[in-house]
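Just so it is clear, A, B, C, D, E and F label the chains in written order, and each chain counts residues from 1 on its own.
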Amino acid sequence: MHSTSGAKSAHNPALDDFRIIQEPYYRSVGHEVALFEAAYGARMPVMLKGPTGCGKTRFVEHMAWRLKRPLVTVSCHEDMTASDLVGRYLLDADGTVWHDGPLTLAVRSGAICYLDEIVEARQDTTVVIHSLTDDRRILPLEKKNEVLKAHPDFQLVISYNPGYQSVLKDLKESTKQRFAAIAFTYPDAAIEAEIVVSEAGVKRPVAETLVRIAQRSRNLKGHGLEEGASTRMLINAGHLVAGGITLDQACEVALVLPITDDADMRDALTAAIAACL
Amino acid sequence: MHSTSGAKSAHNPALDDFRIIQEPYYRSVGHEVALFEAAYGARMPVMLKGPTGCGKTRFVEHMAWRLKRPLVTVSCHEDMTASDLVGRYLLDADGTVWHDGPLTLAVRSGAICYLDEIVEARQDTTVVIHSLTDDRRILPLEKKNEVLKAHPDFQLVISYNPGYQSVLKDLKESTKQRFAAIAFTYPDAAIEAEIVVSEAGVKRPVAETLVRIAQRSRNLKGHGLEEGASTRMLINAGHLVAGGITLDQACEVALVLPITDDADMRDALTAAIAACL
Amino acid sequence: MHSTSGAKSAHNPALDDFRIIQEPYYRSVGHEVALFEAAYGARMPVMLKGPTGCGKTRFVEHMAWRLKRPLVTVSCHEDMTASDLVGRYLLDADGTVWHDGPLTLAVRSGAICYLDEIVEARQDTTVVIHSLTDDRRILPLEKKNEVLKAHPDFQLVISYNPGYQSVLKDLKESTKQRFAAIAFTYPDAAIEAEIVVSEAGVKRPVAETLVRIAQRSRNLKGHGLEEGASTRMLINAGHLVAGGITLDQACEVALVLPITDDADMRDALTAAIAACL
Amino acid sequence: MHSTSGAKSAHNPALDDFRIIQEPYYRSVGHEVALFEAAYGARMPVMLKGPTGCGKTRFVEHMAWRLKRPLVTVSCHEDMTASDLVGRYLLDADGTVWHDGPLTLAVRSGAICYLDEIVEARQDTTVVIHSLTDDRRILPLEKKNEVLKAHPDFQLVISYNPGYQSVLKDLKESTKQRFAAIAFTYPDAAIEAEIVVSEAGVKRPVAETLVRIAQRSRNLKGHGLEEGASTRMLINAGHLVAGGITLDQACEVALVLPITDDADMRDALTAAIAACL
Amino acid sequence: MHSTSGAKSAHNPALDDFRIIQEPYYRSVGHEVALFEAAYGARMPVMLKGPTGCGKTRFVEHMAWRLKRPLVTVSCHEDMTASDLVGRYLLDADGTVWHDGPLTLAVRSGAICYLDEIVEARQDTTVVIHSLTDDRRILPLEKKNEVLKAHPDFQLVISYNPGYQSVLKDLKESTKQRFAAIAFTYPDAAIEAEIVVSEAGVKRPVAETLVRIAQRSRNLKGHGLEEGASTRMLINAGHLVAGGITLDQACEVALVLPITDDADMRDALTAAIAACL
Amino acid sequence: MHSTSGAKSAHNPALDDFRIIQEPYYRSVGHEVALFEAAYGARMPVMLKGPTGCGKTRFVEHMAWRLKRPLVTVSCHEDMTASDLVGRYLLDADGTVWHDGPLTLAVRSGAICYLDEIVEARQDTTVVIHSLTDDRRILPLEKKNEVLKAHPDFQLVISYNPGYQSVLKDLKESTKQRFAAIAFTYPDAAIEAEIVVSEAGVKRPVAETLVRIAQRSRNLKGHGLEEGASTRMLINAGHLVAGGITLDQACEVALVLPITDDADMRDALTAAIAACL
């Protein structure tokens, strides 16, 4: 018999930190909500694909709120080990005591576990999710010789930015195949302006100008710019305008300087901004 | 005299987590069951070769159930060390206490130990199994200066995906030679459709359509696709259909997006799907 | 509910070490003060871009004094880990006790946290700031399974020297996009001389001579010199003159020898100095 | 005065795990037994050279039984450190306590220490044996500031597979020079058949067929095959036949699939097998 | 308020090991004493540049004696970490106790801290000195969340051998700019002979012969010899002569064999020596 | 005042393990004994240069016996750290306790410390000896903030095999310059035969034959053989002959097989041996 995980109905105070109390603002742009709900219904692992700053993190927060599930988010990085996810023994006054890692906490308690940019992590962290993402739905806690059966409500979600992958850093085929994938991109102009108005508190015409500037910068992607301005950057510019900074200065500070160190590209972006004002 | 391992008949509660209680669904496709039973009869180590998602893990679970042996599964990864398999001293209130690793647990108690994708592990983990996989059948616990003689029921099983090997990562000849190898591949169309029906709960025509799509995608392997759709992915698509998603959307989400980031390949796969609907 | 961080008005003695009591001398050269105040108003993370020794560190100290916020400065380096920033368990007489790292201290207490030359740090330290630099403003203390909500006064500031970046060492796009960026460069001649007079206590003509020498050396950047003399180096030369060393010796010791090992470049710089005396 | 090691005649219960009670089957193929005895007489270190699976490990077990010496075998690997061999301090309830490693155990108690594939180990493990393999016969336990004089019965044996060496991984000249070397290869056909009969329990004609197959596969070495079938593999095939598997299936599973992933080579081997049946 | 460091006048017994009681022999060769005193007057960090064995270490010992300051010398190396300099928590019977590293000891007590060959150290050690070498003069003890304000007498001195630098190992511009640099080279012949007489106790003509030999060997630098004979090597040769070895043998042993393994270069050096005798 | 090290005359029981009681056989081949005595008289550090197996280790043992000094020998390797030489804190029942490393033991007690093949060690171990090998003769125990003044009898000796050095692994100039160097090579034929007779207990003609074989093999150095047979190997062959093995078999086992894996070279060596018998 596997170790028991908390029953579905019990309130687990350890997860209070991880519950989303207020509805996070999310402007749906396609079928993504329905697809996620169907995947969650089958407890199928989900991969969110798309560029940085287009709303993947906000979407998963929204879905966790919608599905009334706690959300355990882990920002992955290249020094993260399986133990950081699963847990480890810590030395206490009474000897070593086991401390669940964030993944184990989610598996045990029926949370959604969101591994942000999992491809950055070391390979052992991706292997550790294999037995959780097929029909076994188990997490072997090897250091304890225990096999943890996932709570019926547990689901695993990962994000993945295709533009960042390389030969050295990519998910293995045997990992990718386990996921249903939902693709994200920047929203249409009207929707994006609506988001900027809602998030930064600027007037609609300012938001529309910012979106036009973003579209121009996105066209420069691959022509000396690694990525164009994201929705997040437009919101930053909007905040500065709302704080009394002029629109052209706000664009310089929030849209140009953060993403380029090259004088020519900086001039090109500044000119593109001037043309939109 | 070697340290004694548990006698064959004793019930070992430490292994309860590792017993397979219910028969795992497995659709035999050749002589693999008989070959495994003969190898187990001689306690010969077995290597399961084949692509990802074709049923190797399910097969070993089925055989463990069939042979009524507990199954200790370890997903190997490049940061796994010999100590992760064999065990280590942990600091307790009363000083250091030895904790068996999963391999030692299996050796001591007569379980089948399944090392999944062992080639990913560091070399020390493959060397540690050498004395277990020849006629000595011993596991030296060097940190304890103890030599553990394997339980008579112990068997070692590893999986190996030939497509993943490289010059840098391959098993040493002196390791490979110790194993009997059983080759796996995707099942025939009729059998694969039967599996999708049974696992995802879709109707036979849907399953047959999914298998036709899989076969097309497998033909693209080597032409821009690292691997085609596996049986596991067909089951994922089936689950989404069962959850109310349209068949074309389910294929996009479960068969196309997880395995390609390339726009052209995505279009090719989508066209192939459309042709099968 | 998230773990509570100290209320805004409470005096936190743990931060006494980090308060700037006396106004640090800072000579404004553009809109940087207003831009920083607007960004701080929105608690937007700020990136200070510019060459070494042009006053970025002094600027952030000045702003912390101006905004009456404690300043926690961390000089990043390639062996810095996320744990160095976030904190770790230390073994105490009563077992393991959690010790906040400098970032956690700032997040919890509402300080400005200044990560100097963050690009030098290992990637895990840049990922750890992601959830602090979007609208979540949370710091997951993964080892404690705690989510720390940032104090309302907390702000993150980083410095970034574009000249130092390489393919191997650069911030990820998903990091850069989160920041408003303020560009720094060497001040105009008159302002720079004013700074040298104020800081080194030399007479105006000496300061003006030093600035003329600096400008010549900056023209040699890219012609065998990695960087020209910075304002900081002029102040060093001024201090030596104030201590009784002749101006040409002071220039040799403070402006020439520290930045070049090449005999020809040394002669060129010495000649440039002689021409300015 | 050096620390005393156990006198020759005393029974050392710590070594009970390491005594060879039953005579291990070994079929001599040349002068190797006499050479080893002469080397042991002078307590000269011995290097066993030869391909994998040809009987080096069995030979050293046989000699240990013959010389009535306990045998401490260590499978070397690239993460093995000198401390793994020599020993380390472990934290106990009463503070740190020294634990002998397997080499120190053998040196102290007069066992034969067999370092299998020592070339795989990190360099510090080969250096640690230098003072044991010249006339000093001492093992400095540097962490204890103790010098352990070897028991008069101690001998060091290493194995070495010339085919595996590379520029990066080879023994240093100053290490090699200390050893007497005995060369091993596959036995003659008649002897090898005799071994297969004895070990796998098959009839002589089956064993002779297996040897003919092995000789064909050994001819393919260097023509797409890293190594041919070893004696160990023939025994594996024999065991499967004894377990009821047909001879051609047993050859496929035990001789072909473990050593090649290449379809052409697999066909060539299968054809060679068919020709021998 | 910063943590208090010892007042200027207090006698600190912890530093007794580091006081220079006797005047170290130092033969001044230029303005270096006055330059160092002016830099120390402004507590400006100083970089000593020059080849090995020309007296940099002796100079800093002399200046420490002259300025009546304790001298904490640290020989840097590539495995040195910031913790080695700053300090760390050690586990004591009463839990973890902080132990100052040598840099912290010097900062706290007002010693001169001399980091010998700092470029060899890992980058984190150079970053740790940044806040000590600008007007802040603070050392953040990040592991303690303490900011240590430097004692008014503290000064930092580093040595730097331009001939050793490479692209991989060089100080960062942002580090170099913080220092006043004093250049060292071998002394003039008369002064160097005077030093050899004084240090090795040989007669003046022997010393003059050794200096002539050294000058010849220095001309071979770059023509197959990495560096010529240093003043230190001449003193070594002098000591051997004083111990009864013939002058030509002493030169072979102290000037030739230590710096070349090449037979031709050895012959060239031996011929040069013969020509001077 | 520096920490006191034991006075010259006191008997130090900690060093009993390290005293050479019996005169080690050493056959002088030149001025090496007088040179070493002169260097020891000035406590000058000594470097022994020469190929492996020519008697450097035996020489230093002989000198230690002759000078009546304990000898602390450390075999260096690439994983050796400064702490392995200097010492470290170990956790005891009463907290952390400092344990001297072998170098510190020698420095404190006035032993000769012999660092064998120091070039193999990591750079930090070579830097740690710098302050011991100039006129300071101190060893900073940085982890203890203690400066240990060397015992008046302490001397440092290192060995160095010029044939092994590479760009990646060589002593730094600033290290080499500190040593007097004594060159070693194989002895003349008559002396070498005398050594073999004395050490292996064979008759003079056998020894002379072995020396002739060695000279032939040394001529093959650089023609496919990394090094020829050393004196140590001749002694090994002699031991086997004394143990009843024929001379040609003894040569094969002790002189040929250990140093070559190449069939052609093996034949060439075997032919050379046959020609000498």
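The rule is short, and it goes like this: a contact is a pair of C-beta atoms (placed from the backbone, for glycine too) under 8 Å apart; a residue touches a chain by one contact, two chains touch by 3 or more.
For clarity, every value in this text was computed on a predicted model and none was experimentally measured.
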Chains in simultaneous contact with chain C and chain D: none
Most distant chain from chain D by Cα centroid: C
Superposition of chain C upon chain E: rotation angle, C-alpha, nearest 5 degrees: 60
Most distant chain from chain B by Cα centroid: E
Whole-Å gap separating chain D and chain F, where each centre is the average of the chain's CA atoms: 30
Where chain A and chain F are represented by their mean Cα positions, the distance between them in whole Å: 60
Residue list for chain D, restricted to those that touch at least two other chains: 91, 94
Topology of the chain contact graph, where touching chains are joined (line, ring, star, complete, other): ring
Circular arrangement of chains, read from chain C onward through chain E: C, E, F, D, B, A
Residues of chain F defined as touching chain E within the complex: 1-3, 31, 34-35, 38-39, 41-42, 44, 47, 49, 81-82, 89, 91, 94-96, 122-124, 126-128, 130-131, 134-136, 140, 142-143, 145-147, 162, 165, 172-174, 176-183
Complex contacts: residues of chain C adjacent to chain E: 14, 16-18, 52-53, 57, 61, 73-80, 84, 90-94, 99-102, 105, 116-117, 120, 161, 164, 199, 226-227, 229-230, 232-233, 236, 239-240, 242-245, 249, 253-254, 256-259, 261
